[in-house]
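Notes follow the structure.
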Amino acid sequence: MRREVPLFITFISGILLVIALFIPHKPFGNLEQRFNDWYIIVSGFTMILGIDSLLLHHWNNFKRKREGWIYSIALMLAFFITLIWGFYSGIKVGSPFKPNASFLKYFYTFVFVPLQATMFSLLAFFIASAAYRAFRARTFDATLLLTAAALVMLGRVPEGNRASVYLFGIALLIAAIVLLLEAKERVSTFEKLLHYLGAAVAIVLIYVQYRILPSYLPQIADWIMNIPQLAAKRGIFIGIALGGIAMSLRIILGIERTYLK
Amino acid sequence: MNFWERLGKIDRRIIYLVVFLGVIIPILLKVTFRVEPMREVKQAYEEVEKLPPGSAVMISIDYDASSMPELQPMLVAILEHCFKKDLKVIMLGHWPLGLPLGQIALDKVAKKYGKVYGKDYVFLGFRPGVAAVMINLGKEIRQVFNSDYKGTPIDSLPIMQNIHNYNDIGILIGLEAGSTGDMWVQFAQARYNAKIILGATAVVAPDLYPYLQANQIVGLIGGLRGAADYESLVHVLGPAYLGMPAQTTIHVLVVILIILGNLGYFATRRKK
Amino acid sequence: MANVIWTWIAAGLTLAIFSFLYKDNPFYKLAEHIYVGSSAAFWFIYLWYFDVKPKLVDAWLQNTGFEKYILIVPAILAVLMLTRFIPTISWLSRWAIAFTVGMGAGLGITGALQGFLVPQLQATLLPIWVNVSDKFTVNLGYSLNNFILVVGTIATIFYFYFSKEHRGGLGYASKVGITFIMIAFGASFGYTVMARISLLIGRLFFLLHDWLHLV
Amino acid sequence: MTALSTVLLFLIVQFPAPPQNVRAYDTPNDAGNSITVTWDLSPDDSVVSRYEIYRSKGEPSIDSAVVVGSVLRGSTQFEDNSVENNVHYYYFVRAWVDTLYADSKWSAAAYAKPQWFHTGRKSALVILIFFGILLFYYLQKAKQGAELYIRRIAGLEAVDEAVGRSTEMGRPILFILGLGFVSDIPTLAALAILKRVSKKAAEYESEVIVPCYDPVVMTAAQEVVKEGYMEAGRPDLYNERNIYYLTADQFGYAAGVDGIMVREKPGAVFLQGLFYAESLILAETGHSIGAIQISGTTAVTQLPFFIAATDYTLIGEEMYAASAYLSKDPLSLSTIKAEDVAKMVFVALFVLGVVLETLAVITGNQSFHFLKNWFALF
């Protein structure tokens, strides 16, 4: 019973939705919407479990005076103040989400939004540090990755095309020097030749980019986004779709039941 | 570790500092780029500019906090323009969580120009049912909003005295983060011939260009760049206009950091 | 006046979050705990007013007949979920989880078929010979673009071939695939930078303008 | 300006020409209660402001006609979703120019009815049936004991190593399930990885911390971790309080998890499931504390950040293969084989489709579009 009933429920709810895709007639036509509504109701109630878990965690921190228990008090206070404020506003003006509700006017605008927006804006710092650390020309593919990133980045901002000429010029010059230096250390003539060739290409590219980038950089950036980027994305999407169908079938058929044991 | 190798191991805090300064210095120094405003933004600006003083402008807040970086500067620039021109502002919105953002901007810019609530501007708030609200506004505003957001009957507000529907409104400006803009065109323009300007996030704007080409809207302000253009036209040094040089600075700095990192990487590799 | 105080609070919270960039510190800890606590309550209230109330309470009051009584099903599922509070019958909550998982699996299939597979397939069936307007002359640019698009998509699919070792022809194809994937990731990374910087500009402008009145 | 002068000119000269050829028919592939009306544009469409659609029930009578909708100029279609099933309706369309209008002729009678099969989804059904057959074929083969190979996936090979290393350092393991719900397939795939991680952790007597964004995911994660500890024979070590809910706010969750990272200093961080913009906030903080990080998601927009900031990344479908890969369960593996065969069929379809489309361009023969058209959704 404990194992079979859940498997059966999973099977039925999954298979019904698949059938509903092909049948517009009632009651299948709006089944997806109905199930979604049900899910929202269920998850709304489950929120009580979540809140219980969060508050208990911090209540224990406080009771056992674990490190940082003082912050646990702050968390619980913040929780209850917000909760009471919200429902008080709701009772007073009908809903806490009306513009004249003090909840929306003060709590949402001056506490919630700043916290959210600031946390979100940390990404500006992290995206820079991640780019610096990870974009190293270790392999051919890695070099393509960082070149594509730099081209698209500069292609999107005003004056980016003018700056790009210097930046790519310097980068290519460095590449040429590195290749020449490393050519000396290679033993096989073929590898040596390859390095010299690479350096020569880099120097030619300095001139080429000097002629092309100032006027065509935004178009180049667009092309990278619209052609190679799109191609890879499509391939990944198709894989995800097939993998998702297989995974879903495994679940519906009860082969995959990690979540139930 | 020599100098070259050290380039590959810059502490992340130094990078954070570089980013921080790269944004804050251009803003503080008020560096600006002379960028020709896009035509559709200029068009929007000129439509507002053409209105005689005392005309009413209706602004709709159809976004919330997640689209704030793009649309809030737009709203502030538009409000500055309206109050500078002594236009009356009627604000409402279709996204309940965005309304406080509209209200804050309205109150602040109004205060700057010494405008009086109820006489020079009014905040109507939100009513559920997007299409129904738009259609009924075309018949009689009082059918939808019999009172403002505080519950004051709008008949007692001098600003609303001769305003009954879209015919009494010079321009309707919608700030859009979703599909509400399409509905403004469909219900306010097509049915009642309301004159509409739309401001939208960079994601939404491309969907609205067809309306501009069909003359169903008289102006379009798209994305941060559009906001920057409007700010420059109104001569407001806002976050979008002042932010553009900061954008370029950071993008260039990130590329420089990548180059430095690679220098460090090659120096370390050669040592090995 | 009230707004000034509130602006100071907002600025204080903003700076407290930024301070995390240097290192973890009491200001960040306080802001973080306030954020977690208050947002947990915020979304609880939100869920009540925008989801549970309209979809269960209001729906129950407004509907009649089938549409009304069918709501007993989600209500029972919700109660089953809450059996986790009582250890002896907490296993009943798996019934409710089973429903959500089954629903997810069903949507996983329909979504993948309709939203991904068919449209993506259709969009990739492209001619690799495109004429210049209506003359029978190849438009090299467009033709090449279509060719790259098709080759890139196919090569990427090969990278995700699991049941064979990546050697020989398959190995070569999957290498081309990974090259495309890397270019895509680089481009997509670069594309996002601008949006992220504008978030920071928004925040710093708040501090400089609304709070400090420097700009 | 030209539009306005045209209108003015127009008003002096004549009324607009009416829309023509109005047709009404049951909206296909729906649950009934809907009739689609189409028409040809008025020849004066360029000055028309809007088209109004009128409906009359039972007989084409102007007296009983009601407006059921209006659309912008240039539109030639309207769906009337307010009709009863199996009742005859007649329609006409009115073109408005300023205050003048012109009416079309009445359409023929139409009535709405629900359909039992969605003909627009034929191609999806064929793909599904084909995939189902493949799956059953390979399931049967697996049951008969056929050997199934799966290629090395570096990110999954590293799972055990990461848990081991974290234990050696005497630090806990942090498993972040992202913003998905239990109804999201990536979250279920992530739970399968969580099970493996918790089993290994139990063997090494390590702690697993799982902060959650969604309470339903939290309950499922508790079940999964408990099961992992049981399988390792150490149910005594399981602590439900290590799997807790934080908040259902995207960045609140990120702030909370960041706090956990810098304070608990986990030796291994798993970022598995659905992620949005917060992905990089989490991954960079994880990197700054020196944890070994294994990420995986199907959110393609976030993959570049995981690739840049974490040690191993499961790209898209690799994540879905995880449960089969880790368990080496023959039934699961057989579904992977079915996926692969399906992929090859799609590649063949691509090649065929590209050849056909190219032929269509070169020969100018439109019938070569049949494959592409077959896949078109409507």
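By letter and in written order, the chains are A, B, C and D; residue numbering begins at 1 in each of them.
Note that a residue touches a chain if its C-beta (ideal position, glycine included) is under 8 Å from a C-beta of that chain, and two chains touch if they have at least 3 such contacts.
Quick caveat, the model's predicted, so the values are computed rather than measured.
*Asks:* Mind having a look at which chain is the central one, using mean CA positions?
*Replies:* Minimum centroid-to-centroid distance belongs to C.
*Asks:* If you count the C-beta pairs in contact for each pair of chains, which pair comes out on top?
*Replies:* Chain pair with the maximum contact count: A-C.
*Asks:* Round to the nearest whole Å and give the separation of the Cα centres of chain A and chain D.
*Replies:* About 15 Å separates the centre of chain A from that of chain D.
*Asks:* If you average the CA atoms of chain B and of chain C, how far apart do the two points sit, in angstrom?
*Replies:* 24
*Asks:* How big is the gap, in whole Å, between where the Cα atoms of chain B centre and where those of chain D centre?
*Replies:* Spacing between the chain centres: roughly 30 Å.
*Asks:* Multi-chain contacts in chain B: which residues touch at least two other chains?
*Replies:* 12, 16, 19-20, 23, 68-69, 247, 250-251, 254
*Asks:* Two-or-more-chain contact residues of chain D, please, as numbers and ranges.
*Replies:* 121, 124, 128, 181-183, 185, 188, 216, 219-220, 223, 245-249, 251-252, 255, 263, 284, 300, 303, 305, 307-308, 315-317, 321, 336, 339, 343, 346
*Asks:* At least two partner chains per residue is the criterion; list those residues in chain A.
*Replies:* 18, 21, 39, 42-43, 46-51, 54, 68, 97, 108-109, 113, 115-117, 119-120, 122-125, 127, 129, 131, 133, 135, 146, 149-150, 153, 156-157, 233, 236-240, 242-245, 247-249, 251, 259-260
*Asks:* Name, in rising order, each residue of chain B that touches chain C in their complex.
*Replies:* 13, 16, 19-20, 23-24, 27-28, 30, 68-70, 72, 107, 224, 237-239, 242-243, 246-247, 250-251, 254
*Asks:* Over in the complex, which chain A residues touch chain C? Could you list them?
*Replies:* Against chain C, the touching part of chain A is residues 2, 5-7, 9-18, 20-21, 32, 34-35, 37-52, 54, 68, 71-72, 74-83, 86-87, 90, 95-97, 106-125, 127, 131, 135, 140-142, 144-153, 156-157, 221, 223-245, 247-249, 251-252, 259-260.
*Asks:* Under the stated contact criterion, what part of chain C meets chain D in this complex?
*Replies:* Where chain C meets chain D, its residues are 17, 20, 23-24, 28-29, 31-33, 35-37, 39-40, 42-43, 47, 81, 84, 93-94, 97, 100-101, 103-105, 107-109, 113-114, 117-119, 121-122, 124-131, 136, 150, 153-154, 157-158, 160-166, 181, 185-186, 188-189, 192.
*Asks:* In the complex of these two chains, what residues of chain D are touching chain C?
*Replies:* Of all residues in chain D, those touching chain C are 121, 123-124, 127-128, 148-151, 153, 181-185, 187-188, 216, 219-220, 223, 245-249, 251-252, 255-256, 258-259, 262-263, 300-301, 303-305, 307-308, 315-318, 321, 336-337, 339-340, 343-344, 346-347, 349-351, 353-354, 356-358, 360-362, 371-372, 375-377.
*Asks:* If we count contacts the way the header does, which residues on chain D are in touch with chain A in the complex?
*Replies:* Touch residues, chain D against chain A: 29-32, 114-118, 121, 124-125, 128, 131-132, 135, 181-183, 185, 188-189, 191-192, 195, 212, 214-216, 218-220, 223-224, 227, 241, 244-252, 254-255, 263, 277, 280-281, 283-284, 287, 298, 300, 303, 305, 307-309, 315-317, 319-321, 323, 329, 331-332, 335-336, 338-339, 342-343, 346.
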